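Comments concern the structure below.
Residue numbering begins at 1 within each chain, and the chains themselves are lettered A, B, C, D and E in the order written.
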């Protein structure tokens, strides 16, 4: 199976700003690939390199094995769902969706039929005559999706498509997107800075930091075995333990991470970490308890229903040995 | 457009050609301020001289009253337009009310209807009400079409100004006047400046309405009317060119300054969002 | 009607043809205002008008004391009640006025004088001497398509006056070339004669690239537009000559229309005393003499040609046609009641001429 | 905490603020009264006065207005030669508007999309400065450019293109003896003087077209020209319409240009000016004035529907 | 202790839109009060009614016991942190913060000193000379906070102040806000549509729906004992069980709710709910398993580390009896 998208040491510098700085990447066909990273880490630039709106200043990009350095955006069979949707305000929904076919010269009835099909795919049949201005955020998002899918692209790029939606709608759209990708089998490349979204949707993800890839792998790998402190911290709010603390807990003298949910309150003498409770945060499904273990703040997630020590009281935490993950990426 | 997109050759030629088209006649005006002919021009000019600048400065006292009058009329008309234009735009930027559409049409009317009509109707109204021609009748005509210029600039700024900052001001304890003074005016300022400049320019160069609303005496001869008289009655014709280019050069820097002010203004006003 | 002249009001507002009232600004030698202002304390404000119609309109609107009305305007002003009778007894120099003009019908109605004669002259044929080695002898160079002496067609190289009174020029041309129409006066045309005149004008439209109503634009056109022949005023001829252009003028064999202007006073003149003083000044000062030279016209006071008060001489007056008075058919307003019985009135001339210029 | 929950009222400004707050309509009325008095009473009043006069007529010989109600003047308006004037003017206005739009587009587009930093300032000045140089002097400069023995003729002869110029001038109706005495000349000068009024709103509209819209179009496979036709042009349309309000109305009413450049055929502006000023036929002038008023009202209604008012 | 804010049957109708439709509410002094609800449910309108930018069309509002129907916004000692911050773009940060004092006539040196104090409170000392345009989103947010606090308001209103921030920054700001409120003791009224935020920050919250209050109480009450199906569904993604299913599980024939985290995989025969696995979502801290229990989709949150059944397999879920909550608000 060829890779859908390959980056070979790709660079994109803007003057002195190294937006993308030596990225190697392989996205396999049919993947739901997420790009995760803080603001300004180069995610959007990577996406624009794939769609052709940016050209690499170094390295090469291949789409389905073919070098695309000379292929302009309109000739790449890659479509994008833009963050702000970028729907054409002067066209109705149907014409927006049919746009990609119109510019190809497909005749009116055919393209309208296809547009209707796409609209029903995103559950918007009957909205064809509305203008984008008359739709809600979630509906616009789905129109943008339908519009990007009408050309049957082999790769669909999505730049934070859910960023502007509210939580409820966002969760619903996450499910829909996931289902859609499943059904169509197209390669999805999905940019987000929301780690929950990346973890729950992707089957493979790259964590970006300052124009470089900090880690690449499945959500489980990235979450449970972060390669660096940055990843541990960014993907879920992990506890990062310095080398001496790691060693005192039985590990090597290296940086390690410990997920809050793998910690529990110690009963009796099995406490591995002790200290006063610094903060309590009720999260519904549980309570986040932060203790101060000799200068290092350690957070633990106590499931709902269990007793929680009051703020200021001394508490002890324990965990199962395998939960302590030593980060290879850090010296 | 992709960030490396370059304008096509055709576009560049079109844009450049267009700008040249806008400026070639002005170069000609410059050239003929130096011609040696006195009455009517022919091409190419038979000779060049700088004497017309001296003539305009020393020998032509008749230039100054029209120049001052035009400055005065434009200043008053702009001031009136600034006040009235700001008032309507403030009202129009508020929530919708009955008659809003009609008012926007009404504001637009003086610029959308040809100047002859504005001029002629004002003239016949003056005639009916026995209002004698004066500086004020000229101002009246000019202010009428200057309002829309100010209004357009101000209303666009109002639209961009997030309503939030006015509420924020009240929220922090400012009364309506303090909000106007400290928040609204500074944010509207550059838009008003741009609108005012354009209004001033329009008024300063207006002939058509003015011919109807100005009397016939010397005391109501604005600079454009003076030029019209000069042009259909050529004596020392290069002097009109001298006056034209002096005005042109004198406005160069104000326009440039206004550009930078309004540009900066639009950026800061946008950041409130 | 005034019976006595009081102190001047400090100013007088006059509607005049361009070039009629000079204060030495165009040419230092020609000034007949400054001394008047100094002597009377009446400041002279001039509003120039380019056509008779414009003059009538300005007078109808009011705000002026005097107007230098041509014959095609004067009677309209009288019948409209816009001008007042003149008490010639208050004008000491009245007696010096040319007898041919004293009671001319364009300003005297039922024996009542409505103004003081100002100046008269012909509408000459102005031509380019490089094209016409010899003066053209007929108006046909502006009415009929033809090859001019330089071997090129006259199409696009001639002009005509942009005023309805130009219909009279066409009628006068027809008087000579189509006697069967029986035109006796170019200002009194019955329907057939009028139609023939309009047809001629339509033919002229084909030749004319632009009509002139602004003397200075006509000057520009002779310089830059390749115009070589046109009906014109001596004024333009003189200015172009002074500029060193190859220009001359002539009165062709068909004769010429002409204008005889009268200084008339508005019924509501705000400065009547200054106005009377000005009227007297027009007759007694250097005005008649210098204006005659300046404009290429003829003074209403014959003595001005010879008494050395200005630049005119007996020769210059003769050259301007002082003796051609009888040959000139002066502008008068066409009215429906005429010697032929029923004639086409002026308002139809106005709208039809707009149509002709518009190509209809 | 010592501060009060409700602060005391301090003087008149606070009291007025409270009044405005309680009665927002009052503020609105205060804001609108002065401008509405000015525009509604002075301007509309004058227009009404003018229109009223179109129902008077004129005494044909003396030229005095007869203040009696009649439709005679309107009958006169529909005389063929007057209809010619209306058609000629509207045709010219439409042509000038089109010409301005075509010429303005590259300038506005370049200024909006590509000009950056100093170039942006150059474009701004380049568009604004001509507005500041006297309209009359510019028109007379054009007379010299277009004259038979003017610059274009001189340049054409110099470059051996005299034949081309003659061929252009030989085009029936719009041609003529020289550029300055033909409709082509009138058209050129109109386009020239009104061009900035088209560029400004057009540029503003183009600047509002988001880049992502153009990218979306390219992304969906559209070529540059397809993007231009299907996205840029429709989105810039309100700006074009806004500009056309200016160019159309300015052409519709101008009387100076056609009386200096052109073949002496009347335009509405000239006719109005002549009937009112020269001929003193105010009723007919007023009746003529009704024509552009009606045209512009229809035009404005259509423009508002197209959303052009927001683009002004 | 008087209530800081009281709503007595308050209504705010815009034409036919009933933005706020009969709300009774008491916010006690010193509370951190959250208003939670979907978009368009009337939260912002309630806030604007307190600050005075809207006037009730019915009912009365009291601030510290005083009726405020005649008090314009500038005289209410209530300050707002606006969603878009609404910083004054033409003033630098210091003048922005000092604005409230300036309009009160406090002299220059005094107000600048106070502004600096506020800036150090929000950890922005040294930023006084910048313009708002030169700040990042989080910094702007803190300037808005400092500006609102400078007048020492007795009630601080916050309209989704964290909506525009990205997740990392948002969590940090949540902690800061909470700490600040603790320190100052001012009453905070906080609008959000993010249930996690509301639960973790508030000590009392009101859930809005269609202009009415659906439930009011502590986060624990609202989360664990939702009054209506709407609340159960909106506050955390609860399973809502229809009456017959409730009865079959040993409850009364009423609607009930069951939190996903109180469900666990049944081992052996203790399964209370059985059905095929419909969907799996990896969430890092656990996996969300959805089974189809005879037509009702039931989600369970399986903590990380426990084995998860594959999609399509039959699975059984169980829970402790008290977890089944019968909703009183539904018939």
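Rule of thumb we're sticking to: a residue touches a chain if its C-beta (ideal position, glycine included) is under 8 Å from a C-beta of that chain, and two chains touch if they have at least 3 such contacts.
Just so we're on the same page, UniProt names per chain: A, E = ABC transporter ATP-binding protein; B, D = ABC transporter permease.
For clarity, every value in this text was computed on a predicted model and none was experimentally measured.
Q: State the chain with the largest centre-to-centre distance from chain A, centres being mean CA positions.
A: C
Q: Could you tell me which two chains share the largest number of C-beta contact pairs?
A: Looking across every pairing, the one with the most contacts is B-D.
Q: Counting in whole Å, what is the centre-to-centre distance of chain B and chain E, each centre being its mean C-alpha position?
A: Between these chains, centre-to-centre, one finds 53 Å.
Q: Distance between chain C and chain E based on Cα centroids, please, to the nearest Å.
A: Distance between chain centres: 91 Å.
Q: Which integer distance in Å separates the CA centroid of chain B from that of chain D?
A: Comparing mean C-alpha positions, chain D is 15 Å from chain B.
Q: Which chain B residues sit where two or more other chains touch them?
A: In chain B, 2, 41-43, 173, 175, 178, 231 touch at least two other chains.
Q: Hey, what residues on chain E touch two or more of the other chains?
A: Counting only residues that touch two or more other chains, chain E contributes 52, 72-75, 78, 151.
Q: At least two other chains touched by the same residue of chain D: list those residues.
A: In chain D, residues 7, 14, 17, 144, 147, 149-150, 215, 218, 276-277 touch at least two other chains, as defined above.
Q: Going by the contact rule set out above, which residues of chain D touch chain C in the complex?
A: Answer in residue numbers: 59-64, 76, 79-82, 84-85, 88, 143-144, 147-150, 176-178, 180-182, 259-260, 262-266, 271, 274, 276-280.
Q: Contact residues on chain A for chain D in the complex?
A: Spelled out, the residues of chain A in touch with chain D are 51, 53, 72-75, 78-80, 82-84, 86-90, 99-100, 102-104, 147-148, 151.
Q: Across the complex, what residues on chain B touch chain D?
A: 1-2, 7-8, 10-15, 17-19, 21-26, 28-29, 32, 41-44, 83-85, 87-88, 90-91, 94, 97, 101, 103-118, 120-125, 128, 140, 143-144, 147, 152, 173, 175-178, 198, 201-202, 204-205, 207-208, 211, 223-224, 227-228, 231, 240-241, 243-245, 247-248, 251-252, 255-256, 259-260, 263
Q: Which bits of chain D are touching chain E when the two form their complex?
A: 1, 3-9, 14, 17-18, 21-22
Q: Going by the contact rule at the top, pick out the chain C residues touching chain B in the complex.
A: Of all residues in chain C, those touching chain B are 13, 18, 25-26, 45, 47-48, 61, 63-64, 214, 216-217, 219-220, 223-224, 239, 243.
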